[in-house]
Amino acid sequence: MTALLIRDLRLAMRAGGGFGLGLAFYLILAVLVPLGVGPEGDTLALIAPGILWVGALLSCLLSLDRLFALDYEDGSLDLLATAPIPLEGVVTMKALAHWITTGLPLTLVAPVLGVLLNLPAAGFGWLVASLLLGTPALSVIGTFGAALTLGLRRGGLLLSLLVLPLYVPTLVFGAQAVVRGAAGLGTATPLLLLAGITAGAAALLPFASAAAIRINLR
Amino acid sequence: MASIWRYANPRKFMETSGWLLPGVSILAALCIATGVIWGFFFTGEDYRQGSTVKIVFLHVPAALMAINAWLMMLVASLIWLIRRHHVSALAAKAAAPVGVTMTLIALITGAVWGQPMWGTWWAWDPRLTSFLILFLFYLGYIALWQAIEDPDTAADLTSVLCLVGSVFALLSRYAVNFWNQGLHQGASLSVVDEGAPMDIAYRLPLYFAMAGFALLFIALLLAGTRTEIRARRMQALLTRERMG
Amino acid sequence: MTDAPAALTVDSLACARGGIPLLEGVSFALNAGEALVLRGPNGCGKTTLLRTLAGLQPPLAGRISAPPESIAYAAHADGLKPTLTATETLQFWARLHGQGGVTPALERMNLAVLAQRQGQHLSAGQKRRLGLARLLVTGRPIWVLDEPTVSLDSASVALFAGVVREHLARGGLAVIATHVDLGLPEARSLEIARFRATTRAAADDFLEAFL
Amino acid sequence: MTALLIRDLRLAMRAGGGFGLGLAFYLILAVLVPLGVGPEGDTLALIAPGILWVGALLSCLLSLDRLFALDYEDGSLDLLATAPIPLEGVVTMKALAHWITTGLPLTLVAPVLGVLLNLPAAGFGWLVASLLLGTPALSVIGTFGAALTLGLRRGGLLLSLLVLPLYVPTLVFGAQAVVRGAAGLGTATPLLLLAGITAGAAALLPFASAAAIRINLR
Amino acid sequence: MTDAPAALTVDSLACARGGIPLLEGVSFALNAGEALVLRGPNGCGKTTLLRTLAGLQPPLAGRISAPPESIAYAAHADGLKPTLTATETLQFWARLHGQGGVTPALERMNLAVLAQRQGQHLSAGQKRRLGLARLLVTGRPIWVLDEPTVSLDSASVALFAGVVREHLARGGLAVIATHVDLGLPEARSLEIARFRATTRAAADDFLEAFL
C-alpha cells in the first residue's frame, strides 16, 4: 500500500513539480484578488480569511481532476482493481498523496499569503491550524468526487460542480475559525467541528469512493 | 398480502400510474387554484407587509416541496441501492428536475418578496443560503445523471451521490446557521411577525396551497417516471432488435 | 506463485457490454499447465469475456470459479506511466503484489538495456514488452491476456511464447485472446463466435420487465 | 474550418453539458466567497466587481486544461496538423469554441451573480460590457497557454501558472471598468484598453500558439 | 485524389527521437501505384521515420520530396472521439479535407452497421477499422501507415489489403510499417534495421559543438 503512495508522490514530482504548482496557483490567486478588488488594506484584512480559505479550496480542486483519470485512461486502475489490496486502500492512499502534494504545502505557505492580504496578526496561528485540520477533508471529499466522475471526458468541471457544495461545511468552519481568531474570539467550536468533519469524512467516504470506482470500472 | 414491491415492476407501475395520474393531476390543480385564489383575493392585507405577503401562498409550499423532493430522492436511491428496483431509480431521476424547479420557485418568490421587505433582492440569510446550496446539490445530481451514458451506472453513481450529498447538505445547514443568524422568518408555520400566530384566514388557504403543491409534485413525479420508463423501454426494444 | 495447483472453471457464463448481452453459455475448464486461446472476429466479445474473468465486471449469468486473487490481467492498455522508468514500474507492481526483485523479469523480457528508460521514451513494442513483464512480477498463476502480441516483432513474439510456456510448466494457466499466431501449438483454442448471445433469456429479467 | 468549430461545440455538448458546467462553477464561486468572507452586504458590494472578474477568469481557466489535451492524447492533433488547414486556423477555431462554451455564457449569467454579491445597481451594465469585451482575450490567451503545456501530464496547474500572469492586464482593466461604473465614474479608458488587449491578442497570439503546437508535436 | 500522379522520394534521410539519432541514409523512391512495407525489430525507428515523412518532425538530414499536402498519416492512435459516432467522425475529417460523402468509406470498411455507434462503444478492432476508413475520406494519394492491422481479425486484414490495392490501382502510394503479414505480396519491402544510425555524423553539428 505504501508502494502506491510512493509511486503517486514520485509521479507528482516528476510531472514538473506537483508540489510547486498547487502552491503557485494559491500564490497567484492571492495576488489576483487584490488586483481585482483594489489595494485598500482594510477591505483586504476584512476578506483575507475568506479568500485564503476559498483559495485553498480552489487549489485543491484544480489538482483533483486527474487524480484517477490518468490511471483510468492508461489502464492502471483496472490493474489496481485486480491487485491484492482493497480499493478502499487505494482510494485512501490516493487521498493521502493528494493531501501531501497539495493540502500540506498550502497550509505551510498560507501565512505568507496572509501577509499579502493584510491578515490581522492574531489570525495567523488560527489560519495554519484550521488549514491543517481542514485540508485533509478537502482531499478526501475531492477523492470521492474524482471517483464519481472517473471516465467522463472533461469531468473536470462536473467534478467541481459535485465537490464544491460538499466543501461548504469545511469552508464555513475553517473560515469562521480564522475570522474569530483574528478578532480575538473563541475558536474552539469551529475547530472542533472542522476536526469532526475531517475525521468523519476520512473514516466513511473511502467506502463510497471505492464503490463509485467499482461501478465505473464495470 | 400483496407486497408493495409489486409496484416496482415497471409494467405494474405503468398500469397503476396510468389511472392514478389524471386523478392526482386534477386534484392538484383544484387545491392549488383554491389556495392561491383564496389567498390572493379573499384575504386581507397584512398591516405591515401589505399585499406582498400574499406571495407566501406560492413561496412556502414551493420551499417545502423542494426539501421533500430531495428526501424522496434519498429514499428512492436507498431502495435502488438495496433492492435494485429500476422504477425507484427512475423515480429519483424524475424527481430531481421537479425538485430543482421548486427550489428555483422558492428562491425567486423569496427574492421578489425580499425586495419590498428587506430592500434587497438577496441577502445571505441562513435559510436562503442553505436553499442556494440545496439548489447546487440538485444541479450536481442532475448533471451527473446526464453525463453518464449507461443507465445502471448512472443510477448507481447518482444514488451514492445522493446519500453522501444528503449528509453534507445537513452539515451545510448547521454550518450556515453557525455562520450567520439572519433576518429570515422563524421556522414554524405559525409566525408572520414575531410571536403573533398566523391568522387562520392566512393559514387555511396556505394549507390548501401546500396540499396542492404536494399533489402537484406527485403528479409530476408520476408523469416523469412514466416518461423515463418509456425511454428505457425504447432502449430495451432497440437492444433486442440489435441482438436479432 | 501459490503452491496448490490452480484451476479455472467457467460454467455457462453470459456477459454483456453497455447493457447488451454479447455472449452466453461460455463453458470451459482449465487445469494447471494448460493454456486456452480465444479466437473470434472483431467485436465478438473477447475483451468483454476477459474483463468478466478478471472480475472487473459482473457476469450476467453463470459462474467463474478460480482461487481468490489468482488472476493477473493484461489489457489493450499497458498501464505504463510516461514518467516512470521500466524498473520503477515493475518495482511498483511487484511490491503491490508482495513480490521481490524485478531484474529477472526485466531480463526475461529483454528489457535489461531499457531498465532506466522512462515509459514515454519507449517504442510501441517496447511498451508492450514492459506490460507483459508485469505479469511475471505479480506471481499469480492465472494469466488473462488481451491481444498480448500486438506491436511485437517476431523475435519478441517468440520470446513471449517462451515465457508463457515456462509459466505453464511452473503450473500456471493462461487465457489469451488473439487474432494472430502466438506460436503456442500446444494451447487449446476456443472459437468465441459460437457463444454469441441470441436467445431472449440472455437479456436479464430487468430488460424483460420493461418490455 | 467551420467543421472543426462544429465538432468542438458538439463534443462540448456531448460531454455532459459543456455549456452548463462553466456556468455552474461561476455560480458556485459566487456562493463560496460570501460563505468564506461573511454575509455583510457592504463588504460584499465592495469586493463584488473584483470577485466577479476573478471568478470569470478562473472559470475560463478551469476548462482550458483539456482544450488540446484530449486531441493530443488520442492522436487527433497529429492528424489535424497534417490536414489542409493551417494550424493557426485550428488554434483560432479552438479559441472561438472555448469562448462560445465558456466566455459567452459567463457574460450572460454575470448579472445574476451580481445580485448575489450585492453589486451596486449602476455596475450591472458595465459588468456585462467589460466581460463581453474581455472574455475573448481570456480564451485566446488561454489557448496559448494550453498550446504551451500540451503533452505535459498534469499540465493543468502549470497551465494556470503560465496563464494567470498573462490574464493580469485583462483582469485589472475589466475590474476597474466595473468598479468605476458602479461608482458612477467614467469607464471609457479601461474599456478601450480592454478592447485593445482583446484585439491584439486575437490578432497575434494564434501565431504563437500554432508555433508552440508545432514544437510540441515534434 | 489529385490528378497528377504523385511520387514520393526520400533521399539519404536521417531522423532522431529524443535527440538521439536513430536512422540515417534512408533512401527510396515510390511511384504512383507502388507500396512499400517497412520492417524492422521493435524500437528500430519505424514510427520515427513515418512521423518524419508525414512532416510531424523535421529530419536531421536528407530530403523528402512529395507533392504538398499529399500525405495522409495514420498512427498507433486512431484519433477517435469517445462521444462522436462513426459517421460524425468521418464527416468531420471529410469536411476538413474538402471531400464529400462518407457512406462509401463506411461501407468499404464494413462499418455500415456501426455508423451510428459512438467511438467509446466500439471494440479495439472496430476502432481500428474506423481509423483506417478516415484515410479514404482524406482523398490524399500518399498513405503513411503505422502498424495499420493491429487488433484486426483476419477477415479485416484481407479487407484492408483490398482497400490498399484499390488505392494503388487508382494511382495512390502507401508506406506501411508492420510486423505481420499484410497480404500484399506485390508491395516492396524495406528492412529498416539496415539504416541504424552509427556514425557520429548523424548527430547534427549542434551536438558536435558540445563535444
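In this document, chain identifiers A, B, C, D and E correspond to the written order of the chains, with residue numbering beginning at 1 in each.
By definition in this document, a contact is a pair of C-beta atoms (placed from the backbone, for glycine too) under 8 Å apart; a residue touches a chain by one contact, two chains touch by 3 or more.
Just so it is clear, the structure is predicted and the values come from calculations on it, not from any experiment.
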- Task: Out of every possible chain pairing, name the one holding the most C-beta contact pairs.
- Result: A-D
- Greatest Cα-centre separation from subunit E belongs to chain B
- Maximum distance between Cα centroids and subunit C occurs for chain B
- Where the centres are mean C-alpha positions, what is the separation of subunit A from subunit E, in Å? 45
- Note on the structure: Distance between the CA centroids of subunit D and subunit E (whole Å) is 37
- How many angstrom between the C-alpha centroids of subunit D and subunit A? 24
- Would you pick out the residues of subunit B that each touch at least 2 other chains? 133, 136, 139-140, 143, 147-149, 176, 179
- Item | Multi-partner residues of subunit D (at least 2 other chains) | 15-16, 21, 24, 28, 35, 38, 70, 73, 153
- Task: Give me the residues of subunit E that touch two or more other chains.
- Result: 76, 83
- Message: Touching residues of subunit A toward subunit B in the complex: what are they?
- Response: 144, 148-149, 152, 155, 158, 161-162, 164-166, 168-169, 172-173, 176, 189-190, 193, 197, 205, 208, 211-212, 215-216, 218
- List of subunit E residues in touch with subunit C within their complex: 17-18, 40-43, 47, 76, 121-126, 128-129, 147, 150-156, 179-180
- Message: Which stretch or stretches of subunit C touch subunit A in the complex?
- Response: 51, 54-58, 69, 71-73, 75-81, 83-84, 88, 91-93, 95-98, 134, 138
- Within the complex, subunit C is touched by subunit A residues 3-4, 6-7, 10-11, 14-15, 70-71, 73-76, 78-85, 217-218
- In their shared complex, at which residues does subunit B touch subunit C? 9-11, 86, 149-152, 229, 232-233, 235-237, 239-240, 242-244
